[in-house]
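Comments concern the structure below.
Residue numbering begins at 1 within each chain, and the chains themselves are lettered A, B, C and D in the order written.
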Amino acid sequence: MTDSPLLEITDLTLSFKSREGLNRALDGVSFSVHRGEVVAVVGESGSGKSVTSLALMGLLSDNAVIEKGQAIYTPDVNRRYDLTCIDERTHRSIRGQSLAMIFQEPMTSLNPVLKIGDQLTEALFDHHLCSREQAWQKALALLDQVRINDVERVMNSYPQALSGGMRQRVMIALALTCDPQMLIADEPTTALDVTVQARILQILRELQLHRQMAVMFITHDMGVVAEIADRVVVMFRGKVVETGSVEQIFKAPRHPYTQSLLAAVPKLGDMADSHWPKRFAIVGEDDPNVVLEQQRTADYSGKPLLDVRGLQVYYPIRSGILSKTTHEVHAVEQIDFDIYPGETLAIVGESGCGKSTTGRALLRLVEHQSESIHFQGKEISLLNDRAFKPLRQSMQMVFQDPYASLNPRLTVGFTIAEPLLIHGMAKSLKEASPVVAQLLKSVGLEPEHARRYPHEFSGGQRQRIAIARAMALQPKVIIADEAVSALDVSIQAQVINLMMDLQQKTGVAWIFISHDMAVVERIANRIAVMYLGQIVEYGSRHAIFNHPQHEYTKRLLASVPIADPSRRVARQFDDDELRPSPMRPLGAAVTKPHYKKVAEQHWVAI
Amino acid sequence: MDSLIEMNQQDNIRSPWREFWRRILANPVAVGSGGFIVLLVLVAIFAPWLAPYNPLHSDWNALATAPNWQHWMGTDDLGRDLLSRIIYGARISLYVGFFSVTLGMVAGILLGLFAGYYGGWLDMLIMRGADVLFAFPGMLLAIAVVAILGPGLNNVIVAVAVFSVPVFARIVRASTLSLKQAAYVEAVRCAGARDRLILLRHILPGTLSNVIVFFTMRIGTSILTAASLSFIGLGPEPDVPEWGNILAMGRNMMMAGVWHVSLFPGLAIFVTVLAFNLLGDALRDTLDPKLKN
Amino acid sequence: MLTYVIRRILEMIPVLLVVSLLVFGFIKLLPGDPARVYAGPDATQAAIEMARVHLGLNQPMAMQYLHWLSGLVHGDLGTTYRTQQSVAQVIGKSFMPTLYLAMAGFVWSVVLGLLVGVVSALKRGKWQDWTLMSLAIGGISLPPFWLGLLLIQFVAMPYGIFAVSGFNKPLDIVLPAFTLGASVAAVMARFTRSAFLEVAQEDYVRTAKSKGLRERLVTWKHIMRNALIPVITMLGLQFGFLLGGSIVVETVFSWPGLGWLLIQSIQTQDQPVIQALVMLFVLEFIVINLLVDLLYAVINPAIRLK
Amino acid sequence: QGLKISMYADITGLDPHDTSDNVSYSVQSGIFERLFQFDANMKLIPQLATSYTSNADATEFVLHLRHGVTFQDGTAFDAAAVKANLDRLANQKLGLKRNSLFKLVKTVTAVDPYTVKVVLSESFGAFINTLAHPSAVMWSPAVLAKYPSEAQLRKHPVGTGPFKFEQWQQGQDVKLVKYDHYWKQGWPKVDSVTFYPAPEDSTRVAALRSGQVNAIYPLPADLVNVVKHDDKLAVQRDPSIYMYYIALNTQHKSLASIKVRQAINYAINRNLWLKVGYAGMGTPAESVIAPRVQFFAKQSTPNYQFNPAKAKQLLKEAGYGNGLKLNLWTSNATTSVRSAQFFKQQLAQVGIQVKVVPMDSGARDAKLWSVRDPKKAQYDLYYGGWSPSTGDADWALRPLFATESWVPTAYNVSYYSNPKVDKAIRDGLATADPKVRATAYARAQTLIWHDAPIVFLGTPDNLVGKQKNLSGVSMLADGTLLFTQAQFK
C-alpha cells in the first residue's frame, strides 16, 4: 500500500462553459504524485496547470465542468478520496490540513479587509490545531522563515500595504501553516528575487525531506525545476505531453515542446561578451545558429527622456486605536536615475525594496516627493493633475498584478481598445478592432480572446493582456513591473522579442522591473540595483553582471538557479544575517547615499 | 467568405453596451420579468379597451360589494368597478413609480459618484446636503414641493424623486469609495482617461448592483408614496385610479371586514415590484461577468 | 482617526448653522398660518391677530430666526404652540418611546435581514432563495399601515397579549416593532444578498476556502466583512429612518413617539416643534453617517480617512 | 371601576380658558364645570348657576349661583370665584385663546356671595349661551393665584367637576379620578376615567373590540357596522349641530347667479351623500343651521330635493346650459375626499365639471381663509362644515353669512352679502328676549335659504362606540364627549 501514490490523476478532462459552447481546458490529463516527492508541472502558459490544481482543490469556478476522469487522493491507508467527485464537506476537511495550495495570483488572493496575522492564523485554530497564542507564534516563525522583514508590522498590516513579493511569501506561509501532506504550489516564486527564492526552495525541500510532504510545483522557471524537482510533468494545450525524472527531461527531452522549452531557457552569462541586448532565438522560427542581431536602439546622444532626482516615497504606518501615524515605511529613499530614448533600464532588487513603488510614483499613483523629474527636458514634478494628463499617453505601466488591473466587467478586447479610443488613436471600436487583434496576436493570444472577460484567462494570459494594453498607445516609456514573470520561457521569449521590436520601431524606453536575472541580462542596457528603497548600484548591464561591486548585487547573482539538475548545489544560508527594515519612526532623517564611481558608467553606493 | 471572417473579427470587441444587451437577452429570468413589465405597460396603454367599466363611474347601489360576476374584483367605497380601476391604475402608477425613482436615481448616482470620487469639500457638501434632505420628513418635503412647484402629476414625480436622491447618493458613494482604490481604476487613469470616463465606465458599473437592488425595491415604495401625495392635493385628482390611492382608500374598510378593496391593488403592486425585482436581479447578474451559469 | 472625528464634529457646526437657516426658511415656506390654528377653528380675525402677537409671529423674519437661533445655542428650543410646554421637554418625552421602538425594530430586522440575505445568497437559485426573496419583496411592497392593521386585527385583537394601541407595558412594543422592522428587514435582506453574491466569487474567498475553514467562517468573516460596505450604508440610512420615527407605524399603533409628535405638529402647524424635530433629525443623520463613515474605514482599510 | 376611553387625538392642555379643541374640552369637562350647560338637545340647563335675569337690550346679566359647591382643592365656590374666572376670560392681555368670546364683558361684580352681575360693553343676546361654551369654566381661584403662568396652570387643573386630575403623559394617556366631595350626590359612578389618544380610526375600533377600552370617541361612520355586528358592543348615536356645506364663491361670475347656486343645491342628493360619507346616519339639511341649534327654523321653499332636471333647467336659464367648469376644494381627510368625489359625479350629471383639489390644513389656511382681497379668492366650491360652539343661531349665522364676516375677518368664504340678512342677525343680538330673537333668526334663515350662498348638505350624527354594559357616555351635539354620567350596568 505504501507504494500507491499519494495522488493519482487519470484521464482528467475538463471544460469551461461559455456562450460559444464548451471550451476544453484539460484533455485527458494523467499523472501521479508520491509521498515526499516534488513533481514539477511545467508547460505553456494557458495549458491548464492552474486549472488542474484548482480541480484538485475543488475550487473551480462555477462554469467549469469535469467531463471525465479521476483524481484519487490517498492521505493514509484508511482514507481514499476521488477529489473530482467527493462532497463539499469532505473536501473541506481535506483542504488546508492535508492538501494545501499556494495560488498563482497572490495579489488578489488575500482578503483586503483582514490583517495578515488574522489570515495566517485563523486556519490553525479553526481546525483546533492550537491556541490563538500558539498560532500567532507559529505564524511569526513562518513569516520569518520566508524571510520577511518587519514580521510584526506585516502581521498587523492589510494586504494592500505589502509588496507583490511579500504577499507571495505570505501566501506560502499560509499554505504551510497546517503542515499539509501535500502542497500544490502554483508559481510560488514569480514575484520573488532570487535570493529569497532560493531560500523558499530550501524550505520546501526540508519539509519534503523531514515530513515527507509531497509537492506539486507549478512553474515556468526551468532553473527552479532543475533545482528542486524529482520528476517533471510537461503540459501543452491541456494535455500532458511528457513525464519523466528531472534528469531525463533535461537531458533527453522527447516532445518537441519540451525541447523548445529547454532551448529557450536563458542562461546567466550567455551575454557576458555582448555589449548590446540581444533578441531571443525562437525555436522553430529562428535558426539557432544564426548570430542574433544586437539591439542597438538606445540613444545616448541627446538628453535623457526621463530624469529623476531625489524621488522619495514614504508610507505612513498607523497604530493604536486613534490610528496615529507613528512610523513610516521608507519605500523609496531619494533615488536618482535617468533613462534615454530606446533604452531598457532594469530595476532589480530584493522583494519589497521599493521597485513597484518607484514605478507608481512616476505615474503619480502614490504621493511622493522629488527634487525634480524631467520628462523630455520638461520639469513635470510640479504639474498639476490636469496638466499631467496629456503625458499619460507617453508613459504606460504594466502592473505587477495584471488580474487586478483589468476591469472584471469589461471584455479584454474593450479594455485594450479603450486607451486607443481615449486618445483618439482610433475613432471607433470598429477601427480599433484590427489593432486589438494584432496586439493580441503579437502577445500570443487569439483575436477571439477579445470577447472574454479577465477571469476566463490563465495568469500568464492576463499578463500578456496587460502588456498588450500598455503597448497599444505606443508610449515613450513603459514601466513593466514583473511583466513576464508568469510566462513560460517560450512565450516569454516571444514577448520579450516583441518588446524589443517595439523598441526598434518606436524607440520606446522600457523600465523593466524583474527578478529574473537571466532575462534582465538579455534585455537591459543599464541596471539599477535597489536595496531598502535606495539604489545601491547603478551602471551598464555589462559592468554590473561582470563586475558586481555591492554586497547585495553579488549575492543576487550568486543565487540565480541554474537550469541543470546535474549542477544542483546545496546552498548555505547564513541565518544570523541581519535583515534591516525600511520602517523608521516618524520624522527620521535619512541622508542621500553617496556613490563611488567604479568605472565609466558604473556607480556603487558607499 | 473573406468578408465573413472579417466581420467576425470586427465582432470580437463589443462595446460594453452591446455586450450588456447580448447577455441580458440570453437570461430567461430577465426576458420573463421584462416581458411581464412590457405586458403591464401594454395593459396601461390599452386600458380603455380592456377595462369592463368606466373607472370613474359609480354605482350607488353597489358600494363596496365583494367580488362577483359583474365586478370580478368587486367595487370600492364609491361603487366603482375595482378591476377597471386597477387596469387604468397601471397607467399612473407605473408612470410615477418608474420615472420618479429613475429621476431620483440619476441624480443620486451623479452626486454619489462625485462625492465618493473627489472627496474633500465636495463630498462634505453633497453628503451633508443629502443628510438634510433625508432628515426632512417626507410629508414636509412634499408640502414644500407643492408650495414651490404647485400641484401636478410631474411634480409628484419630482417630489417622490427628491425622497430617493439621498439614498442613492449614499449607496453610490459607499461603493465609489472602495472602487476608486481598485487597481483597474488606477490602470485606466494611467491610460489617460478623463475622470468622467473613469466614473461612468469603470466605477459606476461596479456600484450598479447595489443601485439596481435599491431601485427595484423603491418602485413599490414610490407608488405608495405617490398616493399619499395625492391626498395633499399634489398629483392627480383623488378619483383618478391609481394603485396606491385605491389601496389607501381601502384602509378603513379593511377593519370593517371589506378586504378586496385593498387586496387587489396590493397584489397589483406586489406583482409589479416582484417583476421589477426579478428584472433587477437579472440585470445585476448580467453586469457581473463572473456570475453566469 | 481621532483628528478625523474631531474634524467631522467641527465640520458639523457650520453645517448645522446652514441647516438651521434652511430649516427655518423651509418651515416658513410651508403654507398656513399657525396663529389661525392656535386661535382655534372658529376664531375671528381679531383673535387670530392676538394669537399672532402672542406667538411672536408678527416680528420680522430675521428677528424670529435670530431669536430662535440664540435659543438653540442656549439649548432653549422655545415653547410649543399646541400645549405651551417647553419644546425640549415635549421632544424629550417622545424621544424615548421612539428610541425603544427604533432599537427594537432595528435589531430584529437587521439580524433577520442579514441572515435571510446570506441564506438566500448561499442557496442562490434554489427554492429557499425564491421563498425568502418573495417574502422580502412582499415586505417591501406591503405598505406598513396594511401590515400594522393586519397585525392588530389578527394578533392583537383576538389574543389580548399585545396592546392594540398605545405604549403601556413593555410587551406592547412587539407589534409596532415588527411592523416597523418588516420593510427594513426586507431591504436589508435584498441588499445583503446582492452584496454577498458579488463578493463570494472573489479570489480571496477561494483562498479562505482552500484553508479548509468552516463554511460559517468563510461566510461571515471573509465574505460578509467585504460585503458590509454597501450593507452598512443601508443600515445607517435605515436606522436614521427608524429613529426619525416611522410616522405611519406610530400613528397606526398610537405610539407616543417622535413620528406622531411630528404629525401632530404638522397638522397644528406647531412651528417650534417642527423646527426642533427637523434639527434633531438632521443631527441624528449627521451623527449616524459619521459613524457609518468611520465604520467604512474600520471595515475596509483601503478607505482612508483624510 | 375605571372607565377607559380612546380618543382621536391627544389633549393640548388642561386650561379650558386657553383651549380651542374638542378633545381637550371633553377631558376638561370632567374636571371643570360651567355656569350653564347644554343638555343632549342643546337646551341650556343651569349647572353652577341656578338662574339668571337680564335687561331688555341684553347688556346686563345677573347670575344666581349654586350653594354648597366646593372646588376640588377645598376652596368654596362663590361669586368671587366667578368674578375671578370671568375677569380672567375677559382680560385681553393674557392672550387666552377664548378671549374673543368674552371681550365684551365690561365689568363683573359680586353682588353678594351667590349673586354676580355682568355688564357687557354692547348688546349681546347670546351671552348666556356663551357662558355655556366649554371654555367658560370655573377654576378654583386659589389655583389661579398660585400659578400665574399659563404653562404651569394648564398642568394643574382644579375645578368643581366630578373628577380630579391625576396625570397626563403626553401622547400616552390622561387620567382622572373620582372626586369624593362632588356636589351632585351619588355621582360619579366610576372611580376613574383614563383617556388614550389613538389617531387611527381602525385602531380605535380595534381597541374597543379587544376590550382594551370601554368606549371610543368618535366612532368613524365607515366602521359602524363592525361595532353593530359585535354583540358585546353598542353604537351611541346622537344628533349633532355640525352643519356640512359646500360654500359657493359668489365672487366668481357663474356663482354670482342665484340660479346657478340653486341649481347646484338641486343637483346633489343629500341622502346619498349621507350614505356615501356617513353610512346613512344623519339628517339632511332643512335650513342653513342644524335643527338643534337654538332658533332653528325649518325651510321648505325652495324645496331643494334632489332634482337634476330642475337643476339643468336653472342652469340653462342662467346661461350655462352648455356646462360649467368649477373647482372644488376640500380638506384631505379621507371622508372629505370621498364626499368630494361624490359631488363631482353628481354635478357632472347636470353638466358641471368639477375638479377636486384636496389640501392639508396649512394650504387651506393660506389659500382660503387668509385671502385679503375677495377678488383673489381662487376657489369656486369649498366643502367644509361649521359647528356653532355656543349652540346659538348667532354663532351659526354671523361668522358665515354676515357681510362683516367676509374672509379674512371671519369665515364668510362665500363672500355672501345681503343687507337684510345682516340686519336680521343684528336684531337677533340686540335683545335677550327669546321670542324676538327667534323671529329675527327665522327671517335670516329664510333669506339665506333662498339665496343659497352655500349648498345646504346636512348634519351627520355623532357616533360613539362603547361596550353594551356602559351607559352615560355620549357625544354632545357640539362635538364634545359627555362621560360624567358614565356607569357600568
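Quick note on the criterion: a residue touches a chain if its C-beta (ideal position, glycine included) is under 8 Å from a C-beta of that chain, and two chains touch if they have at least 3 such contacts.
Chain by chain, the UniProt names read as follows: A = Glutathione import ATP-binding protein GsiA; B = Glutathione transport system permease protein GsiD; C = Glutathione transport system permease protein GsiC.
Here the structure is a predicted model, which is why all the values come from computation and not from measurement.
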Farthest chain (mean CA position) relative to chain A: D
Mean-CA-position distance for chain D and chain C (Å): 38
Approximate Å spacing (C-alpha centroids) for the pair chain B, chain C: 22
Chain B-chain D separation of Cα centroids, rounded to whole Å: 46
Geometric centre distance via CA averages, chain D-chain A, whole Å: 88
Per-residue multi-chain contacts in chain A, two or more chains: 61-62, 160
Sequence positions of chain C contacting 2 or more other chains: 30-31, 149, 153, 201, 263, 266, 300, 302
Two or more partner chains touched - positions in chain D: 202, 206, 360, 362-363
Every chain pair meeting the contact rule: A-B, A-C, B-C, B-D, C-D
Partner chain D, residues of chain B touching it in the complex: 56-58, 60, 63, 77-78, 143, 146-147, 151, 230-233, 237-239, 249, 251-257
Interfacial residue positions of chain D with respect to chain B in the complex: 201-202, 205-206, 220, 222-223, 225-226, 272, 275-276, 332, 334, 337-338, 340-342, 344-345, 355-360, 362-363
Interfacial residue positions of chain A with respect to chain C in the complex: 57, 59, 61-62, 92-97, 100-101, 103, 105, 108-114, 122-123, 126-127, 158, 160, 171, 174, 177-178, 318, 321-324, 403
Chain C partner contacts - residues on chain D that touch it in the complex: 6, 9-10, 12-13, 18, 20-21, 92, 95, 97-100, 150-151, 154, 169-173, 196-200, 202-204, 206-207, 209-212, 360-367, 369-370, 386-389, 395, 399, 408-411
Footprint of chain B on chain C - complex, ascending: 11, 15, 19, 22, 26-27, 29-31, 125, 133-134, 137-138, 140-143, 145-146, 149-150, 153, 186-187, 190-191, 194-195, 197-198, 201, 229-230, 232-234, 236-237, 240, 244, 247, 262-263, 266, 274, 277-278, 281-282, 284-286, 289, 296, 300, 302-303, 306
